[in-house]
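Take a look at these structures.
Both complexes shown next keep chain A, but they swap its partner, so chain B is in the first and chain C is in the second.
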Partner chain A sequence: MNSNVNMTNEEYSSYVDTKAKNSPIVKNIIWAFLVGGLICTIGQLITNLFMYLGCSKDDSTMICTISLIFIGAFLTAINVYAKIGQHAGAGSIVPITGFSNSIVAPAIEFKTEGYVLGIGANMFKIAGPVLVYGTTASVIIGFIYWLITMFI
Partner chain B sequence: MKIGKQTIKLENTPKILQTSSIVGPKESQGPLSQYFDTHIDDIFFGEKTFEKAESKFMKTCIDNLLSKVPTSPENIDYIFAGDLLNQCICSGYCIRDLNIPFFGLYGACSTFCESLSLASAFVNAGYANKAIAATSSHFCSAERQFRMPLEHGNQKSPTAQCTVTGSGAAIVVPKDVGTQGPFVTYITPGKIVDLGITDMTNMGAAMMPAAFNTVMTHLQDTGRNANYYDVIATGDLGVLGSEMLVDLLRKEGVDLQGIHADCGALIYDHEKQDTHCGGSGCGCMASVFSGYFYEQLKTKKINKILIVATGALMSPLSVQQGESIPGIAHAIAIENEV
Partner chain C sequence: MDMCMELLKVFLTGGIICSIGQILIDKTKLTPARILVIFVTMGVILTFLGIYAPIVEFGKAGATVPISGFGYALGKGVMEAVDEMGFLGIFVGGIKSCAAGIAAAIIFGFLASLFAKPTSK
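Showing the complex of A and B:
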């Protein structure tokens, strides 16, 4: 009798893969498509509404962004966004409401450690990497664009 | 007395005089709800932070244990306790108010068996007449330490488990106190086993090889067959880990069919409660053993049980640094007749 699982790490890993249930990918994709699409449609409705009310296109998209951020934050605070996220996955993470959620969620959570070292230090725990690499990427792309325009 | 490779035979067979359990809202809706002593519907338990709430869970559980015996903290020689949080703060702050000499332990989710092993060994050796073993865990305090903020809208992997909000405590005394058992007969402290699993959302797979090793070693050291026991209960392997343990042990000629139970798989209704592979955490085995299995032993529905608490000895830091997840499992044999 052997007292250890008689497998190498690789064998064990593939054994676990055969036993573990996979994520329901098709279901997840459909949910993500529907919820993500719905959020974007709501955004478009807000933009169109303000354009109809006489705002310029730029102002309307700005108002739309602000409104969606507010809705995301509000739904996070009343514990609805996390429930939507359980089903929607990327559908509710990718739109700007998800960005709002990723900042408000740690802000709520770390309130117990105080306003500076709790909320202040942890608010961008999830969104931080997105901001860092998003900003860096846009700077690099901008630089490349500038180089190209010098020669064309 | 040490027998075999790593098992200790407790020749004075200390007795588990009484146990106490407490659970949170989700566990109160689970299938084992009726077996727990105390049910708390408020996840904050009236406190301002989840950490304080967890401490209060453990404190309430120990107070309940003392009143069930009944005895007072001055009569307790030592307490062995631990939890999942950094520096074991829940146990520390809980026991601060009790004035009992304290051994703080960390064995991740295996801590309940670790503390009960040491409490039993102390009583067996005559170093203590009354020793308490206690552990706790809390869904929210564990989530914020190990995973994402609670309100963050993300999806959990199908292999993920849900940390149990709850605590369990047991008091160990010498054999001759009272007439009835159950008694602690053997303890098998486990070795760290790591088969390279790096997925923090698949703890069952990370801990299963350790449970396998401890169960096999226990059986070899004691010369017992698996079916000597009415139940072999693992701590929190969950649905997937349990399935793999039974499967792999069968291949080695050890049949656990009908004997094996897993506290993590028992505590929730996975379909209705959306808990994926089941419960986990120090409070999982602590509450399920103290609530459910101890009651089964007392009413003689089962007479011999091997409890094997399983733990994953990683931290979010080690996982981010690309380390795999080391597993550990400790076994304790508890029997009504000695």
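Showing the complex of A and C:
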């Protein structure tokens, strides 16, 4: 699109929109890809380390999950995770470290409202829905799977 | 060399899954909480349909570390529990397979809230 002095207001605003929106979307996706990929790679390295040390594959995966949740919690507590998130977007939200962040950040933020209704109640503000729908989905497919195993 | 190839697959798989999340955020204005809910639910459904297991086979941590992998653990856990326990497995399997992650998130969240100070806004 050419920038010309005779553009109407509408033309100009759509021109601004194309300039303002497209490049950040591509940039956001690249950031999300790099940061998300990196967090997963760190997870694989942790898993490989514990398998090398003699843990079973399932145990190593579990240790990897716990470690990443710890890292996410720690980076949230020292206020670094929010800074990563400003660039990384979904790259820091979608990995399990983001799930950890979604629990730890409100726990810290609502500390001033007390231990029960502050920390206790707000911890699951975002993680709560994840567990509600995740568990619901698992019970539904569990039921369907049970029906299949019963009758087939 | 095998290890490098493995890590590259992990990086690509994890990167692509997170990119899908970013596209959803930018294009549909879904909030991060909704993205997480969609990803975990899709993880469960894709696991049931037998689509997620091959992705985990290929991308390993690249598929299990994203929150959709949480859904994979829920789905895989519930089906294994139904195989073992029958009907009761429907209620036990999902959360059991995610217990370590949930407990870790709760305890680290609680500890962090004891030691960290809220940031003033």
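The working rule: the second predicted complex is superposed on the first by the 129 of 152 C-alpha atoms of A that agree within 3 Å, B and C clash if a C-alpha of one lies under 4 Å from a C-alpha of the other, contacts with A are read in each partner's own complex, and residues count from 1 in each chain.
Basically, contacts are C-beta pairs under 8 Å (C-beta built on N, C-alpha and C of every residue); 3 or more make two chains touch, one makes a residue touch a chain.
Here the structure is a predicted model, which is why all the values come from computation and not from measurement.
Engineer: For A:Tyr133, is the partner it touches chain B (first), chain C (second), both, or none of the two (neither)?
Structural biologist: second
Engineer: Tell me the contact category for A:Leu117 with respect to chain B and chain C: first, second, both or neither.
Structural biologist: neither
Engineer: For A:Gln44, is the partner it touches chain B (first), chain C (second), both, or none of the two (neither)?
Structural biologist: The second partner, chain C, only.
Engineer: Kindly classify A:Asn9 by the partners it touches after superposition: chain B alone (first), chain C alone (second), both, or neither?
Structural biologist: Only chain B; A:Asn9 stays clear of chain C.
Engineer: In the overlaid three-chain picture, which partner chain does A:Ile84 touch, first (chain B) or second (chain C), both, or neither?
Structural biologist: In the superposed model, A:Ile84 contacts chain B only, not chain C.
Engineer: In the three-chain superposition, say which chain, chain B or chain C, touches more residues of chain A.
Structural biologist: C
Engineer: Quick check on the output: what are the common chain A residues between the chain B footprint and the chain C footprint?
Structural biologist: 24, 28, 76-77, 79, 89, 93, 98, 102, 104, 108-110, 112, 126
Engineer: Within the complex, which stretch of chain A touches chain B?
Structural biologist: Against chain B, the touching part of chain A is residues 1-7, 9-10, 12-13, 15-16, 19-24, 28, 76-77, 79, 81-89, 92-93, 98, 101-102, 104-106, 108-110, 112, 125-126.
Engineer: Under the touch definition given earlier, write down the residues of chain C that touch chain A in their complex.
Structural biologist: 3, 6-7, 10-27, 32-33, 35-37, 39-41, 43-45, 47-48, 59-62, 64-71, 74-75, 77-79, 81-83, 86-87, 89-91, 93-95, 98, 100-102, 104-106, 108-113, 115-119
Engineer: Can you list the chain A residues touching chain C in their complex?
Structural biologist: Listed in rising order, the residues of chain A that touch chain C are 24-25, 28-29, 31-41, 43-45, 47-48, 61-62, 64-66, 68-70, 73-74, 76-79, 89-91, 93-96, 98-100, 102-104, 107-112, 119, 123, 126-127, 129-131, 133-135, 137-139, 141-146, 149.
Engineer: Quick one: which bits of chain B touch chain A in the complex? Just the residue numbers, please.
Structural biologist: Touch list, chain B to chain A: 5, 48-50, 144, 148-159, 193, 195-197, 202, 205, 208-209, 212-213, 216-217, 220, 240, 243-244, 247-248, 252-253, 274.
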